[in-house]
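To start, the structure under review is shown below, and the notes come after it.
Chain nomenclature is as follows: A, B and C, assigned in order of appearance, with residue numbering initiated at 1 for each chain independently.
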Amino acid sequence: MNGQPDQAIPAPAASAEPQAGRVTVPVWLFALLFLLLWWSMVQFDKTGGWFNEEVYAPYTSFTMVQDYQPIREGPDLSRGQRVFESICALCHGTDGAGKPGQAPPLAGSDWVNSPGVNRLIRIPALGLIGPIEVSGKAYDFPSGMTAVAPTRDMMSDEVLADVLTYVRQAWGNKAPPVTAAQVKTIRDELGNRSTQNTVKELQALPEEEAK
Amino acid sequence: MTESSPHEPRPLAAPGELELSCRLPLLVLFVSAAVWLVIGSTFFLIASIKFHSPEFLGNVRWLTYGRVWPAAVNSLLYGFGVQAGLGVALWLVVRLGDTPLLQRGLVTLGAAFWNLGVTVGALGILAGDSTGYENLEAPGYAAWIVFPGYLLIALFSVLTLHHRRVRPLYVSQWFVLTALFWFPWIYSTAELLLLQHPVRGVMQAVVAWWYSGNLVVVWFGLAGLAAIFYFVPRLTQRALYSRHLALFTFWLLILAGSWPEITKSAPVPAWMPALGAMSAMLMLVPTLAVALNVLRTLGRNYSNLRAHPALLFFGVGAAAFVVAGLVRGLMALLDGDPLVHLTWFSRAMMQLQVYGFFAMTMFGAVYCILPQLTGLEFPWAKLVRVHFWLALAGLVLLVVPLGIGGVVEGLKLRNPEVAFADIMKGTLPFLRASTVGDLLLALGHLVFLTNLVGMVNRFYRVRALSAYAAATADLFKAAEARP
Amino acid sequence: MNYGALIFLAAFFALASSWFGFVLTPQAQVGQLRQTNTVPAGELYPEAPPGLARQGLDVYRANGCAYCHSQQVDQKGTVCRVVLADPGTNQNAVLAALLKVREDWTEAQAKEAIAKSRLHVLEGVAKEAADNASKALKAAGAKTELWVVPVGPDMARGWGKRRTVAEDYLFDSPVMLGSQRIGPDLANVGLRRPDPKWQLRHLYAPRIEVKDSTMAPYRFLFEMRKIEHERSPDALEDLPAELAPGPGYEIVPKTEAKALAAYLVNLHMDAPLFDAPLTLPAPPPATNAAAALLTNAAPQSMEKPK
């Protein structure tokens, strides 16, 4: 069969099944295997992020990803102002003075400036209905205030906190900021409720939220 | 394990008994595979031409590039690849175990299902029902037809192996048995997690990569290596150099090769590309083991390659396997992925593995099996060499320009000063060369199909003639007896 | 010894380990993702795409756009930028700190720098250097901002502001990341080409928008019809002579085309997340902000700070 130029294709001898020799695997192949195993483990150590699901190349470790996180210093007043002016100011006015027949003023309001935020947070979360007295003046709006931040999808805890902080520090108001944690606590408590708050109901609640 | 001298005749099966038991399913499998190969090559050619002339068949909705390309891949991988692989597996199981195939009718039915399923899948893709996952584009409804077909073929192959008369296992049987088990698991997992109960978000891409890697690297690797380790010793009438090396290859292929290679830019946590790179590096070892085994089996005297034309195919196939493995491994070692990811280079590598290694190996196997199966020679023996040269030229013209083009593209993409339009223009010369490659491959596959069909035609004609002669022998005898 | 059983066990073990490592473990990590919050704004991300865009994803899949376009962006590294937001009251201390941080500046340059508002003190430096500079300037009473800036060829090409991560694809089914860049990457195409009309014209005849494009025309997504009473608002306008329909006819995109355009215009993956930190320039006070903000997406601006 060897070296024979052929036109037809000869079928190999029908009964000649191949056999296998018994030469052992050469040592250098094993050595190469272990070398590659070692090297690839070194590479994995460098670039694999140790199976952490939040480490993406080019970051090489979780601490590195944490390191590069932008630091948030204090409440974002600009965002609070932006959101206020696009949503709340439609009724309360960009100057916080309120609009007759629509909304009471926020500037100088005792509801806004109260140290405790238990009542304040609930107002944008569920809205408010009923005759209300703001800093000595009486107001009554027939349909009350709708909930402008009923769910976290509509407005996250952080954004609502920023808005309330802005309201408490604008137009001469000087009240401490509202934190996202405080908003979260109140919202968790309110759960799935969708009915508006009544003024009487809020007045029955303590000003300070439960810790 | 008894130590027997090479090529000891085994008088257990009656002459022709083995061939008779598996001829029908194997003919169906191989001829269908050849037909799908031609269909796939045509689609690839159309896809390739569209780069030079985007208006080519531009207004035909079902031939838009995004549908023609997956249809081509589907035809190549499932229509040709898995069918040819199953055919070779069947043959090896029957011959090495010296046992006739069990239930060849059901196995043929399985092959028919497979073909029906792939047809439905290809048509579904062209109609716009592609799944969107690479290498698994056939719509879900096609999978329901294709999977039982595979199971029928695999089940009876495994049973035949179980009932084998020659108990000691040759290395190819390890590869083949594993391949038969491998596909149902990966295919059903992929279909379940991607189509029936889709997983969430980018996890879909992970499953798709896992499946794709297991199909192309492991399944095709197992089937192709089984053929190489069987036919090369057989045709050269020499013993396989080392059984231990072959099993070493087997273990590393299934352990390291089954971890998919994921590019670093993929939106998955960093550990996945890192493990993928590890697997590519480790695959260097079985690659070298195969190279050593095949080279030593051929011996120092490469004139052994002229013993049989099919050996040319196996030679190229083994060389392509080694080159592909080396390139992948080196790319992983040198961290070349950021340069060539998402460029033509990765396509070139895939074509090298599928066309260069797997298809060539299957061609060699078919050219060996069919003459034995039918007891005839190929009607146009010269065409075998024509096919070989067309296939080799096509392969080189397809893979090399795309590979170089990919690297050039990668270098330019790195440089933000180069406008994207210029990058695309820069790859056009390479694409032109690859289109020529596609054309040559398509011609080669046509030649292959012609030869196969010619042989099957001749076989059935011979059978019909002899059956006719047997049936009418009495009549003629009676006629001769009359004065 | 029953070798058949041994082989089966070997195959089982190998495939099981691969399945465990690459299917089960990622499912536990990436497969359980839920919407996350951007950092530091805390807005929900990603948002579910609008209905037409979701239909567009289907058209994208059916026509195999992912075979030419990738949707994944990579970054080579991350650098920092130190911005002097407010020089504060103690000019001399800030001057001294600036000169220590930027040894290459003269005093005149430093004084001029303080006068400019929102100055980039350091650009493209490592985190440690940026931290030190920031500390030094803060100690002098200035207000600084430390910006995190992803860098890489994809960023430089304008294909994205940061690398894409798993959360970006949460609502996509199927996720088509693509494997080739025969066409430009589309992960942030909604930022580059936000006009659906541009997308429609490009789909109809890519070469009128991109010279020498190799992209095939998708004219079968459009239909030519007679103008009844008046032109449809969707009709393609300003087509070149050889492509324009005859007088009295107009080219109108089918729903598929509109859906695809809506999908493309909605593609953007640039929200700063924990696993892909990024500092975006503060958006200007939005004029028509009500609509934008109620969808919880901060309006993004491409302009650099002054």
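In this text, a residue touches a chain if its C-beta (ideal position, glycine included) is under 8 Å from a C-beta of that chain, and two chains touch if they have at least 3 such contacts.
In this text, all values refer to a predicted model and were calculated from it rather than measured experimentally.
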{"item": "Contact graph of the chains (line, ring, star, complete, other)", "value": "complete"}
{"item": "Chain closest to the middle, measuring from C-alpha centroids that were averaged per chain", "value": "C"}
{"item": "Distance from the mean Cα position of subunit C to that of subunit A, given in whole angstrom", "value": "19"}
{"item": "Subunit B-subunit C separation of Cα centroids, rounded to whole Å", "value": "39"}
{"item": "Between subunit A and subunit B, centroid-to-centroid distance (C-alpha), Å", "value": "49"}
{"item": "Residue list for subunit A, restricted to those that touch at least two other chains", "value": "51, 53-57, 59"}
{"item": "Contacts with 2+ other chains: residues of subunit B", "value": "264-265, 267-269, 275"}
{"item": "Junction residues of subunit C, two or more chains touched", "value": "29-30, 74, 76, 163, 165"}
{"item": "Of subunit B, residues touching subunit A in the complex", "value": "3-11, 15, 95-96, 170-171, 229-230, 233-237, 239-246, 248, 252, 264-265, 267-271, 273-275, 277-278, 281-282, 284-285, 288-289, 292, 296, 303-304, 306-310, 333, 367-368, 371-372, 375, 377-378, 381-382, 384"}
{"item": "Of all residues in subunit A, those that touch subunit C in their complex", "value": "51, 53-59, 65, 67-72, 76, 78-79, 81-83, 85-87, 90, 152-159, 180"}
{"item": "Subunit A-touching residues of subunit C, taken from the complex the two chains share", "value": "25, 29-30, 37, 39-44, 74-78, 127, 146-148, 163, 165, 272, 274-277, 279, 282, 285-286, 289-290, 293-294, 296"}
{"item": "Subunit C residues touching subunit B - in the complex, by the definition given at the top", "value": "3-4, 7-8, 10-12, 14-15, 17-19, 21-23, 26-27, 29-33, 61-68, 70, 72-74, 76, 153-154, 156-157, 163-182, 184, 206, 210-220"}
{"item": "List of subunit B residues in touch with subunit C within their complex", "value": "50-51, 54-55, 58-61, 64-67, 69-70, 128-134, 161-162, 169, 174, 177-178, 181-182, 185-186, 189, 193-194, 198-207, 210, 214, 251, 254-255, 258-260, 264-269, 272, 275, 338, 341-344, 346-347, 409, 413-416, 420-421, 424-425, 428"}
